[in-house]
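Both complexes shown next keep chain A, but they swap its partner, so chain B is in the first and chain C is in the second.
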Partner chain A sequence: MSDDLTGDDVVPMGTTVAGRFVRSYNAVGFLPILLTGLVVVLAIFLPHFLAVQNMLNVLRSSSYLVIIAVGQMLVLIVGGFDLSQGAVVALTSVSAALVMAGLKGTLDPSVVILIGVLVGLGCGAVVGLVNGLCVAFLKISPFMVTLGTLSIATGFALLLTSGIPIYGMPTQFVDGFGRGLWFSLPSVFYLAGGIVAVIWVVQNHTPMGRYILAIGGNMQAALVSGVPVKTYLILSYVICSVLASVSGLALTAQLGSGQAVINAALTLESIAAGVIAGVSIKGGVGRVEMVALGAILLLTLTDAMDLLKIDPRIQAIFIGFIVVLAVALDELSQRRAARV
Partner chain B sequence: MSEASIPNLALTVGPQEDRHRSSKRLGFMLLLPIIIAAMELIVSLIEPRVLSGHNLVNVLVQSSYLLLFASAQMIVILTGGFDLSLGMAVSVNSVAIALVTTALAATGVSPWLLVVVGIVACIVVGLLVGTFNGFFVSRLGINPFIVTLGSLNICYGLATTISGGRPVFNVPDVISLVFYDGTIIPGVPTPVILAVVVAVLLYLLLDWTVFGRALYLIGGNPRAANLAGIPGKRYLFLAYITCSLLAAFGSLMLTARTGSGEPNLGGGLMLESIAAAVIGGVSLQGGIGGIIPVIFGSVFVTALSNAMDLLEVGGYVQQILLGCVIIAAIFLDRVRATRS
Partner chain C sequence: MTAVVAVNADVSRSAEELRETSDLLLNLTNISKRFPGVVALESVDFDLRRGEVHVLFGENGAGKSTLINIIAGTFPSDTGTFKYQGREITHLTPHGARAIGISPVFQEFSLVPELTVEQNLFLGREITNGGFLNGIAMRARAREIIRELDFDLRPDYKVVQLSRAHQQMVEISKAFLTEVRLLILDEPTASLTDSEAEKLFGLVAKLKNSGVGIIYVSHRMREIKQIADRITVLRDGHKIKTVQAGDVTETELVELMTGRKIGVLFPKVDHKPTKKLLEVERVSLTDRSVTDVSFYARAGEITGIAGLVGCGKSELIRAIVGLEPMLSGAIRIRGQEVTAPTPASMIQRGVCYFPSDRVAEGLALARPVRENCSMAALDLPAFSRNKILQRRSERRTVQGIANKLRLRPPNIERAVASFSGGNRQKVLLARGFTREISVFLFDEPTVGVDVGAKIEIYDLMKDLLATGVAIILVSSDLPEVLNLSNRLYVMHRSHMAAELVGADINEPEVLSHFFRERHAGDVARPTTV
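And then the complex of A and B:
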């Protein structure tokens, strides 16, 4: 990498002010501008884009992704990765639905829902704990660990259901929460907003926020400075998986059934949302509000492609390109920053 | 990646220790055939069919395919990388080969031209995928996980789009004749012969060419490789192309076997190819591996799933077990690395 640096690229000292300007502009972000521009263009060229139903759709589908992407961000910040998120969503969906459908009628609906939700979150916590323990103590590459747990969790989800959707959850859960509009906005929107707010506070006003940045930035330095590295590594993985569970519960409530093949694209989309938002896959960089915007941008694009009747399979190609290009751009801008 | 922050032990190993370590590796290498034999014997107590001649030939044929994919994976793992797109690249290849050859067969050209066209199609697609992965990994220095995660999605989209999501039937018989059920050496199945030829070629490539030896050095000690004047970027690029070409050839063999181009052909191959390579003893830290460990790893994974099939273990449970086996194998890999 460093051998790309050639003499004529060295910039005179005076332009560091410009460099600083670019960096502070980067801090505010290109993303809000891009998103606004995209919305304006879409509103002009696609007449159905601004329809209330469509806006609600975008808001709802991006809320699921925001919740997952925020979890992925935490793991990316500590220099890790979580490929098992999609599988956790499926496992949560299946086990929560099974418990709720099984207990329905025996107990008060609110108790049934509570137990179902706790079981669902428990699934996420267990998978996250396994991921975290393997990464922190066994020092196995997070990619491989989560690839393994991806296989295991998917296997369990399929095994529990034989691949058949599970119906029969309490109506309060499905119609009241999953498909419900609170103050004319989808319920999951408030959930996503709340989670973003909490993580924002954690990132900016608690030791944990600084610790995970330190771990991702330079693990040795963090260790030497007395950061309880292992604890926070594990915590990041657990929160990541639990957030995937939260999203899985909301998705299950909206679908009205527990499904083992719920949305395989979620993991890639969550990573995509992260890298679009400038989260470094090398760790140490990432801001929750940007990730939320990244997720909304991605889903706005997807929605536009749906409105243009572009085949979902071609959309997969598109998202694949976006992920690689976003990381490539990040890499190139880092190199440029290194030169300045 | 946290890989960078975990001290890479391979970096500090000199030639003396290296030889010491490779003798230890040999011990591990002998372990696997013993485990395979023990597994087969134990299973045969419950299910005698496991040791029937017919079943053993079956296992051998099955592992020939896996050997191709696992050795493709091994080439990039040696450099410290990874190819997540391998399975989906196999799907794209299969569909592309089937589409091209069926279209050409309809015009009534000579069968041998069909074989040539089939091979050309597989080389072209292999080169495209390999160039994409290799370019972003070697030239832009992007994490191979992200690049191949992106190309996985792109390949998935391509495979399902160009095939319309359905198998492409009526692949000309001559393809099957040449690459599957024809007779080259009487009594030996064609896939086994092809796999042996590829294995010998790979052995020569890895052990007797500058490129092959350089791959070990790039993965084991990139700085030394750089100082030794090895054109690291070019070789890294070539490694990804070699990987994709091997996978493409494996895909041609599989397509010849099924007689149709299958958009879902490669679904489980990514995980299985990684599992086979790692279980054989190819180190995920890079720089350690070879064709012999990959042969044993492939036979082990195939024999395990064959035994579970005969014991009527369900596919979902097998998926869970494969995940566990992978994590166990990687854990062993870490233990080996820290010991030596």
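And then the complex of A and C:
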């Protein structure tokens, strides 16, 4: 058995072309290089790409996705899934808008906004808690739980509005925050940046980040090592849903109305951003800064297709292909790793 | 009868122990534990003194792991009292157990593959500074522990990149992060080399002297003899006896463990080699785990392939049925060359592979025995006609095979998950009987199987051989291949190192090929299992 102990055993994976590709895919450098390359190519071939208005658009729309994708990442890392994110965005949008519109004029606008925001975040927290409790205690598959809460949250959102957009929120919320530019950048950009920074610190410098990685990497190991597995499972789902709510509030502020039908592709896109960024759908692997880049990459591609006037239906097909490709690469790298 | 004697012996011993209570580190009385459908432990008493190595000995499924899991706080017992350092302990959690000095080293590694060695060491016990991880302090402490244990480990490597032996070292290091008073070692040498095992024994001796109590689970006679002070034998969830290590012979221990007289473990196999059924010529695999290997197997003989873990012997026979991609070379069945083999096409040619990892590759645990057995033969008339399953015929055929293999319980409608390791292996083997198979490729057939089932599997091979088939036996269990093979190949670092026949099939000869280039000194000390 002494043969197993030689130094060269320590370096895994093949030296084949595929192996090298997979390794560089997993390594730090791949995604930033790809994104930079894409931006350079777009800047050369699409003159409108670098226009200020377009850049602001890309930044704004990626920011919504970054916030959601970071939450999705936490759940993916613990080996789960959250399909209910899009529904949480809708439910948040509708409830926050209803509360704000209803209270408008009775109280100080800042108080109205505060209550609306808290109600919105509360919706996310409740859905996340239900998801987390079902996964941690009832041990139901995350796929089924979140599929169920997806339906429930969507149903509530439609019930509350009858499908009609809700207007009448305080202008401070809509024009000041939602459509506002702070230091000439969209407000939501700062929000997304702040969230990424906080989650980065949590992931790299706190036991919580370590525990979340450990739970997804080997739940049994985490358990016998004394990690409070259930607590952190639930926490991951709650944070995931609350972040969806944050994104929902920002979107509502930008749209100026609460809507029960907001971008249905958000959930898929959030998972896509994660897998593009190398988050393993089997859990245990994922870095927040990469996920942010993944989300930006995805929205840059979408923007490029918009500029090229590609039919949105064809864009949907394209995004679908990217998701499958990214998951296939993840699977391939896992299979190679398993051979060590 | 034995049970009565054992109880009496217990009473006299525990009276003796009362006089030295101060020495008692752990005292478990009347521990029972039930899992759905299984009684894992039934009123078991167990105690451990300071500075003692207490070996837990028993077959798979005897309740050893249940007992150490209760002590480690993984799950509670249903009944009984748990006294540690004179205090009664209830509601023990893994975290709580570590906090009071109970450190388990599990056989199933409690490591997170994607985290580094250091991150794994501190998992659940991170050193923090105002809520933030203190990386510098953890790195320093990790180095200190690794140096103390004299392990060849780097704290910044990811666990997934390490060999099994190195992972075992991480697991052991983990136990030493906090002050240890009670160390649990569950088959710690299973993946260590002899020199590493010696290091571990040195460590155990050092700990003993400093007053640490050690619970040691092992099957290996040699190391039990070497380090045990007392031995407790468990069988079917019952405590059979606790004995002083010096007072008992190997044979007595095995008899206590199995509950019956063990005559000869290995049957006398009658080899009558005839024609070559399988020939492998200069085969290399794409990942180079097998390089330029040739061998053949004849009908009527068991062809053994021995080698260390990772030498490529498993990959070689997996490649024969197309489970590993081949780079070059030829495979011939009855003289006919097979290009691009797949498991399905090889089964049709009468070549069947029995994987070592029964759970991952061999069996659908949630499905009944019947379906698992007929899985590879549903195209045969006994099981289906015109693509319609013949359930009655299927049941009759499979029941017949199950009876022949002495499946216990003999209920073929039960899910495979509810059977023991040995019986699961029989279910897997049953597949070879559902259709005409002439070449049996066994990959570690007795790994994780208890002694009783082992004997049955060996007998089965003997019976199979009498029907004129070719058996290829790949095994890391040296006595197994030594005793059963007519011809024995030895693989070493992806190459075929030797072909041994007749009197050359002996332990020193095989070991000399295992360690051909390195560790020549280690060979002088042959191992006995």
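The working rule: the second predicted complex is superposed on the first by the 308 of 340 C-alpha atoms of A that agree within 3 Å, B and C clash if a C-alpha of one lies under 4 Å from a C-alpha of the other, contacts with A are read in each partner's own complex, and residues count from 1 in each chain.
In this section, contacts are C-beta pairs under 8 Å (C-beta built on N, C-alpha and C of every residue); 3 or more make two chains touch, one makes a residue touch a chain.
These numbers were taken from a predicted model, which means no experiment stands behind them.
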| item | value |
| --- | --- |
| More chain A residues in contact [chain B versus chain C] | B |
| Which of chain B and chain C A:R210 touches, first, second, both or neither | second |
| First, second, both or neither for A:V285, with chain B first and chain C second | second |
| Partner chain(s) touched by A:Q220 [first = chain B, second = chain C, both, neither] | both |
| Which superposed partner A:V52 touches (first chain B, second chain C, both, neither) | neither |
| First, second, both or neither for A:F321, with chain B first and chain C second | first |
| Doubly contacted residues of chain A, that is, touched by chain B and again by chain C | 1, 218, 220 |
| Partner chain B, residues of chain A touching it in the complex | 1, 78-81, 134-135, 138-145, 147-152, 154-156, 158-159, 218-220, 268, 271, 275, 281-283, 311, 313-321, 323-324, 327-328, 331-332 |
| Contact set on chain C toward chain A in their complex | 72, 74, 93-95, 98, 104, 106, 108-115, 119-120, 123-126, 128, 131-133, 152, 157, 160-166, 174, 191-193, 195-196, 286-287, 308-311, 492-493, 515, 518-519, 522 |
| Chain C contact footprint on chain A (complex, rising order) | 1-5, 9-12, 14, 16, 201, 204-207, 210-211, 213-214, 217-218, 220-227, 284-285, 337, 339-340 |
| Chain B residues within the chain A interface of the complex | 1-6, 82, 136, 140-143, 145-147, 149-154, 156-158, 160-161, 165, 271, 274, 278, 284, 314, 316-324, 326-327, 330-331, 334 |
